[in-house]
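Two complexes come next, and they have one chain in common, chain A, joined by chain B in the first and chain C in the second.
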Partner chain A sequence: MAKMKIKAKEKNGVVKVKAMFRSLMADKEEAEKKKIKAEYITHILGKANGKVVFEATTSGFMSENPLIKFSFTGAKKGDELEFVLTDNHGKTKTGKKKIK
Partner chain B sequence: MFKLDRKLITIGMTLAMSSTFALAAASAQCIPGVYESKPGAIDGGVTYPRKNGIYTAYRYNTQSTKGVWFGRAATANEIKAWDVDALPDGTGLPEGEGSVELGDELYEAQCAVCHGEFGGGGKGYPQLAGGNQDKDENGIVKTLKNQRQYGNTDAPKRTVGTYWPVATTLFTYIRDAMPYAHPKSLTNDEVYAITAYILAQNELEIDGEELDDEYVLNAEKLAKVVLPNRDGFYPNIDGPKAQENIRAFFADRAKNIGMGTRCMKDCKDPGGQDGKTEATVVKIKYEMKDVVPPYAYAKDLPPETEGGSVSKAEKMYDASCKLCHATDTMGAPAVGDTNTWESVMKKGMDTVLVNAIKGTGGMPPKGGNMDLSDADIKEIVEFMINSSKKH
Partner chain C sequence: MERRKFLNLGLVAAAAVLAPMTNLNAVNFRETKPKAWEIEKSADAIKEMFGAGELKTTDKIKFTAPKLAENGGSIPISLSTDLDIETIALFQDANPRAATVVFSVPEGQKVDYSFRIKMRQTAVVTIVAKAKDGTLYTLAKEIDVSIGGCGG
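So, the complex of A and B:
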């Protein structure tokens, strides 16, 4: 399941987030071609202080190692940003990073 | 630049034709041969003997070098300034240290425009991190075995983590050649920081320790890095016995490289196969006689200009555009290049502005700095055009 790289920086009340999730994002068709197991992220959920700040439903349409960028307000330095990934096998993975 | 004396050539050709037979005996050494295991050699296996048993894969150029200045021997100080590389064992690495966190900041400001966030690669620029570092049963990184063939969707992914053999190269390369448009602008500490960041993005470990944000890299630790593809290259070119190793490796070409086999029959004989006839090689028809104008020996620096006040537009240009537009090597029209800018301006000011704001070709929208307003972009573009007009 995907490893993730998260970067979150707060400036003037706005938190800018960049995150990359390591995944082949191989859907069924691609997996058959490459003779590997179909495995892709189906859901990305980003939370800060218990509130949802990012949510996306994804599939094989996204590129390998998808990169997301977004910004939100309402969090300060030292707060924790949490990502929950769900893949097509139903497995979940969480990654945390403190906002700088 | 090169002056060809046509009268001399015509005379020379007649002379050359008549003296061909005389020369043929004298230049017996120049008859190309093939590698020893001749039967299997395909046409690429032609060798050209020079002297003392040395041969090359290229024809020896016997042109006159009259008027060509070969310079002088380098002084001890010049060699010292040139000899700055770092060996795989860490010899030659300067002192200094940098953290992953600082590297992150520097990378985002100076490197991410081309190499992508987290080293993920950009349009036409090398990917630094990522790729599968898994190895097969022979210890070869799997992704490097991907062949670029029809039907294959995966190319070999060559990043620091999957392809590079030695990590000290990262340090010397970044220090000497990066950032692309203004190399050698980083301090040693900053280079250590960026090196640490790239190693961290490749999820590498040093002495079993993961590189988290607080990790501080220095010369000693950098020398300890073992990259996954350390043994993926041959022949072995490391150590004092490197030359002997390489000679031994190339001595047995058939085994170590493979001679190839002819796949077609009744091909036109390229010559040189039987060791008697000369291979048909296209030779230089017109010999270089002179260099006009002669090579300059002067080493003066360009005259210094009076530094005037720097405008707001120039400051913004320095911050956001200079990285690519300072030189034309990035494919971007260089500021000061009158001809290129004239052809750019044929599109019309409006199109140029739209391209600058929305991006075109390799250029990201607003040069990658989305904080700039459209009015700022207009000022910058006007500054760039004015700086590139004929004086």
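So, the complex of A and C:
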């Protein structure tokens, strides 16, 4: 399933994150029309230093290849940011990136 | 053989211990509120997700969205606020199911999210935010969609 691209930058204690997850985000109706299997991300969890810093439960009505921007505090340069994705089939995928 | 079996047992035990750990202080709203994701009308979905509490209209949440979206397949939305929010969710009336995204804001973090959604037709988008003290804030905007997304 989904691949992901993550960019994270720290400035004055605030980490700005841009993350793109590759997914069709096709809900039931859309999948029927395109004659493909329904496939979308249902849950995104972002962690840094063992703490949850981002969490979203999503539906198929997010855009294709969802791009999410957010910022958080509590991490510094060199720390690792980890994302765990869950899709509608229950599959999970993990991606890591060092904060710049 | 004996040793291999023993090692395997250890792995299984480690996996069993680790599995619940990953879900620590995380709320998957699909599991806790499965019904809310199947409802077509925003108002009913909000009731299912947040209970029948009173919704307060607020201007303290910054909700940016285009008035006219040329491409319904990708409508940029951004949300930010200084209020102490626990959960913030987006609902719309354009698609077969209203609930689009629910963010659970982790302890000590501020709401500052940008993302994109799909809409089939012109409709009202409603934001509902639950503050730490239980107050429900709401905010709505109509977005004009000229070409529907969602394969519609």
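Note that in this section the second predicted complex is superposed on the first by the 100 of 100 C-alpha atoms of A that agree within 3 Å, B and C clash if a C-alpha of one lies under 4 Å from a C-alpha of the other, contacts with A are read in each partner's own complex, and residues count from 1 in each chain.
Simple rule for what comes next: a residue touches a chain if its C-beta (ideal position, glycine included) is under 8 Å from a C-beta of that chain, and two chains touch if they have at least 3 such contacts.
From a predicted model like this one, the values you see are computed outputs, not experimental measurements.
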Partner chain in contact with A:M62 - chain B first, chain C second, else both or neither: second
Which of chain B and chain C A:V52 touches, first, second, both or neither: second
Chain B or chain C, by number of chain A residues touched: C
Chain B versus chain C as contact partner of A:M20, first or second or both or neither: first
Contacts of A:F70 with chain B and chain C, given as first, second, both or neither: second
Touched partner set for A:K5, first chain B, second chain C, both or neither: first
Contacts of A:K33 with chain B and chain C, given as first, second, both or neither: both
Contact residues common to both interfaces of chain A (with chain B and with chain C): 30, 33-34, 67, 69
Residues of chain B defined as touching chain A within the complex: 104, 116-118, 120, 130, 153-154, 201, 203
Contacting residues of chain C [partner chain A, same complex]: 22, 24-30, 37, 73-75, 78, 92, 95-97, 99-106, 108-110, 112-119, 149-152
Contact footprint of chain B on chain A as seen in their complex: 3, 5, 7, 18, 20, 22, 30, 33-34, 65, 67, 69
For the chain A and chain C complex, residues of the former touching the latter: 25-30, 33-34, 42-43, 45, 51-59, 61-64, 66-74, 84, 86
